[in-house]
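Below are two complexes that have chain A in common, paired first with chain B and then with chain C.
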Partner chain A sequence: MVAPLLIAIPFLAAFAVPLFSLISKRISYYIPALALFANLVISLVLIPRVMSETIVVSIGGFPPPFCINLVVGPVGLLLAIIISLIGLLVSIYGVNYIKEGPKDKYHMLLLALLAGATGMVLTGDIFNLFVFFEILSLASYALTAYNRDRAGTEAAIKYLIQGSIGSAFILIGIAFLYGMFGTLSMADIASKVGGADPGFLFVSLALLITGFGIEAAIFPLNAWLPDAHSSAPSSVSAILSGIAIETGAYAVARILYTVFDSDGIMLLIAVVGLITLLIGEMSAFRQREDIKRLLAYSSIGQMGLILFAFGIATRAGVFAALFQLLNHMLAKSLLFLAVGYMIYRVGSKKLSAFSGLGKRMPVSSFVATIAVFSLVGLPPFAGFMSKFSVVRAALALKDPMFLWFVVLMLIATVIEAGYFFRIIQNLFFKSGNSLEEVKEAPLSCLVPISVLAALILIIGVYPQLVSGILDAAAQGLVERTAYIQYVLGVP
Partner chain B sequence: MIMVSILLIAFVGAGGTCLVGRGNPRFRGLVASLVAFLPLIILAFLYGRVISIDYASVPFLDIGLSLRLTPLSWFFGIAIAALGGLAIVFSISYMQGKERLNYYYSMMLLVNASMLGIVLSGDFLSFYIFWEIMSWSTYLLISYRGKQALGAGLKYIIMSIIGSSAMLLAIGSLYISYGTLEIPSLATALQGASAWYALFVLLMFTIAFGIKNAILPLHTWLPDAHSEAVSPFSAILSGILVRMGLYGLFLLMFSVLGLNTLNRLSYGAISFNLVLSWVGALTILFPIFIAVLQDDAKRLIAWSSIGHGGYMILGIGVATTLGIAGGLFHALNYAICVALLFLAVGAVEYRTGTRDLNKLGGLMKRMPITFTGALIGSMGLIGIPLTNGFISKWLIYKTLILSRYPFLAFAALIGTWGTVLYGYKLVHNVFLGQLPEQYKEIEEVPWTMRVPMIVLSGFVVLFGVLPGIPLKAISVIQTHLGMTRLETSLFGMPKAIGELNTLNIFFALLVAGLIAYAAFSASRRSRRVSQYDNYAAGARVPVGGYQHSVRFYDQADRIIRPYLRDRIDDFYGWIATQSTAFFEQLRKIYTGNINTYATWIVLFVAVLIFMGLLGWRI
Partner chain C sequence: MEALYSNMYYVGAGALILVGLYIILVKSNLIKVIIGIHLLDTGVNVLLVAVGYIKGGTAPIFTRTSLAPTQFVDPIPQALVLTAIVIGVGVLALALSIVVKLYENYGTLDVRKIKGLKW
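Right, the complex of A and B next:
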């Protein structure tokens, strides 16, 4: 019964932060790191058990489908591990980085966000999924506005409005499902989907996909993202770009693969993913001023790639999508964290202000370069292995249309290389600004980003480290009958 | 194990040099040279051996990664290690006092290591991985100097990634079709492939390799990159790095696809090889004359690099025993000569601070070793007998004539004519004529810069007099690939293939030289006069105000320049501008207006539901 702790610990810790801050402010800032470290340890310990068998936890003692249940399968556990790892690193970073404003609220909201994200990936109940999603969203809205400046507030309000529309759609979608099947357990719905009215089913699927698609930054639904990710404090951007949108993508995938057996819509998902990819990369290419906005657009592009891989709809495709998801989480959170201190030290978000920063902040610039290479998909970094997996999965369909899709995907890679390599040159080889006073980032930043960089390099050189659990996760997502059996018991 | 250790030394050494440099900068150059030369020594002992080992596996792809030493990879590996080592030795003085040397040395070594990785790869996944490491490390080195180098570096990496994307597509497709990426297994599997499929794979790889080897419509990155890079790196870049494209093409054409499959790729009289040969011929023609027009010494050599790549493509395009030998041998010779020239120009730049051909002159007396190096290098490019270039060009001409391609042979000949023009321009404008006033006190470069030039000059002459040494290695390659092998002796080739005996040429030249020497000694001694004594036929020459290397070939320049504009580069530039403008328009869909955004969301769900009403089912 350790699995519920993964959600309980960050929640309790979130409420503990304001309590402890009554005693000592300083101590309360370390609570998130402690809580997430505990989460990381627990989730790592669970790996061997989960790899052999999916853990189903029933809350309240009723057997599924009559209660809220947690399903700790390889997918959920994998994402929980990364969420707690990145969360841990970001909270270490945040202790020093967050200098102004209501700091205890920041740490509290951060924990709430992470608890919501962990809950989303572990729950087996669709209404529960919505509840955790709301927790995540509310915390994100608040954190986006944390800086209390004009841009942050505006972005947060826009995010709030669009997110609320999405939540409404999700709720309506869930209501449809409940009306049809009288159950909210994902496994139970999944087992009954076959006999339902396809028209209703399609409508509820459309509503759910749109709702979660807003968080997952699918193309016409992602307009909140560039504003929110660029106006939030950098540590929040790292969480938003490195965790929040990925859990959105997870929700979309879970709904597509497990709840509905939606083969017919997969091509649409692939096409929408491809469009998202291209538009994200093209917009990022034109973003010559604001570095955080550029990274935000690049996140859109990467989410498009992940969605495209999910749209391939084979086990290899899901494997590639999850692999890309993992690599994007590592690389993008690294970039936001590194860029956070660069912006802080230089005092400007402008790309041109970063010229020659490589000499002043060598470690930050160096690890940022590793992340960039990984995002572009250059070996020997992790991004290459996942990009190659996507290419392999798409070509394995032996469909000429997917060959052209891969060509488009590679064109997007070229565009991506275009803007990222410009940044690298800017950092290292351009000179101009007087950066005499600029110092290297403190250890509380260097340690987290170095850990992430080391992971990127290790996964790139030794993909076996993660390919086992990724493969199990892909299997867990694709094989819905096994999922149903695990949750409901052998029928 | 030995192969893994070569790569380990190379890669770990690259990182280690950085650490040593941080600890004690004095040992940095020494350690870097050691790291560069160790693989050369190990490789030298492995001559003629074929080794193949698996060094890692990728379980999720269900394939192994392997290293494979063949005579072909040995041939290229030796050249990489030797040139890399010499360039590092040259750097020790050349780079002294420059900034970020730890970075510079480790990147140089990383480029070398990745190139060794490429030639030692036994499967295409390893090949691709090393290829990409080479691409990005090269990009980082090209950008090293900042300013204009930034544009050059960006252009390079974009084109390079376009190429490797094409390669990735082919590799992915090969993996899906045959379930393996091992080169020997693919070689067997592809024999049964349809011609269309083979052509698809070949074309995709040709885009990648053509960009690296700078064949004609794909060459535009090269002049900028080569002239903006640091000189020792230009030597590597131009000498051997671009030839990785040739290596790849050769590997794919003759080791993977094989002559039988290549012969199937034809439509009537047009075959892949013929098209490739013509591309090679055009690659000779235009760039070599563009080289004649250049005033920047390094840009001149860069354009010549593109042109001479054409000879190699021509050689392997014709694909006869003689042609393949000529193509490979020319790759080696050109690598030596061009590295020599880049080092010589680098040495001049080191002392004078400029490489503008309009501003230099008369350095022969001040920098005799550099002058000799540049002279021998140019002679090698031109292909004057008793230099290595003569043999390889002779092989290529012979191939073209024997295979009855008169027009291709003509193109190759015209290319040589252009080489004479720019080779002379380079040597004359830098070393001959009047010494500008400000360079009167210039001294020869330090010995660490002289030694690499002397060694390279030595090889130009050695391979010119004893072409049998490298040709033996090439014939081993041909035997290994199961082709007819080139019969050679130490001094050339027997009559059956086309007689060539450098010994006779050597003695003929020796006798001619002796006669000339005797004639000169017998006649009256010449009197040394000051340069200003007779230079302008008695008129006063304004000291320092007269630079007679300005606007060299002015007349020819005016006639041919209009025809030689690089329109391809303009075209790519136009595409870049147009797409950037398009991206800008596209970006405006993010209007910043929340009403629009909300509308999109509602529209999206409405369209989905509408499709459901139309009967779309999950």
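Right, the complex of A and C next:
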């Protein structure tokens, strides 16, 4: 019964932060780091148990499907580990980075966001998924507006309006599902989905995918992302780009693969993913001024690549999608964290203001370069292995159409390299700005980004360290009968 | 007409949802947009309750032993709606407080004039 702690600890700690800040402000800022470290330890300890058998926790003492249950499978645990790891690093970073405003509220909302994300990946109940999703979204709307400046409030209200339309769609989809099956347990719905009216099923699938697709920034639904990710404080951008949109992608994949047996629309998902990839990368290439907006557009592109890999719909494809997800979570949160202090030191978000910064902030620039290489997909970093496995999974289908898709994907990678190398060129090979007084980032920034960079390098050189759990996770997503059996017992 | 009448609750819920979406898409005043979001939420809540409704059913509280289980309405959608209402209130309060800050920054509530961020 340790699995519910993964959700309970961040929630309790979130509400402990304002209480402790009454006693001592300084202590309360370290609570998130402590809580997330505990989460990280618990989730790492759970690995051997989960790899042998999926843990199903029933809340309230009723047997499934009559209760709310938590399903700690390999995919949920993998994402929970990364969420608590990135959350831990970002909360260490945030203690010094957040200098203004109601700081205890920031730490509380950050923990609430991470608790919502952890809950989303661990729950086995579709309404519970919605509730955790709402916790995550509410916290991220509030954090986007944290600075309370012009850009932050405008981005937050855009995000809020689009996000609440999305959550209304999810709830309509859930109402349809409940009306058809009279149950909310994802495994129970999955076991009954075969005999239902295909028209109603399609409508509820479309509503759910649209709703979660807004959070995952799938192409026609991604209008909020560049504004929100570029206007929020950088530590929040790292969480939004590194955790929030990935949990949206997880929810989309869970609904596609486990809840509905939706082989028929996988080609559509692959095409939409490819369009998202191309649109995101081209918009990022066009972005010559604001570096955070460039990174935000690049996130859209990466989400498109992940969705494309999910659309391949084989076990190898899901493996590649999860690998790419892992790589993007590590590399993009690293980039936002590193860029956060660069912007703070230089005092401008403009890319041209960064010229020659490599000499003044050597460690941050070097570490950011590792993340950039990993996102572009150069060996020996994690991004090379993940992109390689996407290509291999797509070519293994032996479908001429997917051959063309891979060609388009590689073109998008070239575009990606184009704008990312422009950042590196600015950092190391240009000069001209007067940056004499610019100092290196403090240790509270250098330690988190160095840990992330080390992970990227280690995973790139020894991919077999993660390929075991990634393969088990892919199997857990694709094999729906095993999931149903684990949750409901032997039929 | 008969079909419309027997599905009155679904028709009403659908109408509320569509009205809410129309307001969000068409109106340019942010307060009106937020009212639209709330109408949309209310429509979804009505839809959820309608899913669990049984004609002539009573509240799912076990008071009289003479009532058969089929005479109760389904309690789960009502529990879901309670949760959804709470979430809706949270979103509404947050939206209004963001709009207050937005008005302080821009001096207007017209979404056509709030264009600080380039798309």
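FYI, the second predicted complex is superposed on the first by the 491 of 491 C-alpha atoms of A that agree within 3 Å, B and C clash if a C-alpha of one lies under 4 Å from a C-alpha of the other, contacts with A are read in each partner's own complex, and residues count from 1 in each chain.
Note that contacts are C-beta pairs under 8 Å (C-beta built on N, C-alpha and C of every residue); 3 or more make two chains touch, one makes a residue touch a chain.
Just so it is clear, the structure is predicted and the values come from calculations on it, not from any experiment.
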Partner chain in contact with A:M282 - chain B first, chain C second, else both or neither: first
Touching partner for A:I165 - first (chain B), second (chain C), both, neither: both
Touching partner for A:A223 - first (chain B), second (chain C), both, neither: both
Touched partner set for A:F428, first chain B, second chain C, both or neither: first
Chain B versus chain C as contact partner of A:D471, first or second or both or neither: first
Contacts of A:D104 with chain B and chain C, given as first, second, both or neither: neither
Touched partner set for A:D125, first chain B, second chain C, both or neither: neither
Chain A residues contacted in one complex by chain B, in the other by chain C: 157, 161, 165, 223, 226-227
Parts of chain A lying in touch with chain B, wherever the complex brings them together: 157-158, 161-162, 165-166, 169, 198-199, 201-203, 205-207, 209-210, 213-214, 220-221, 223-224, 226-227, 260-265, 279, 282-283, 285-287, 319, 373, 376, 378-380, 384-385, 388-389, 391-392, 395-396, 398, 403, 406-407, 410-411, 413-415, 417-418, 421-422, 424-425, 428-431, 463-464, 467-468, 470-471
Parts of chain C lying in touch with chain A, wherever the complex brings them together: 17, 20-21, 24, 30, 33, 37, 40-41, 44, 47-48, 51-52, 74, 76-77, 80, 83-84, 87, 90-91, 94-95, 98-99, 101-102, 105-106, 114, 116-117, 119
Touch list for chain A against partner chain C, complex: 127, 131, 134, 138, 141-142, 145, 148-151, 153-157, 160-161, 164-165, 167-168, 171-172, 174-175, 178-179, 182, 184, 223, 226-227, 230-231
Chain B residues within the chain A interface of the complex: 58-61, 125, 128-129, 132-133, 135-136, 139-140, 143-146, 149-150, 153-154, 157-158, 161-162, 165-166, 168-169, 172-173, 175-176, 580, 582-584, 586-587, 589-590, 592, 594, 596-598, 600-605, 608-609, 612-613, 616-618
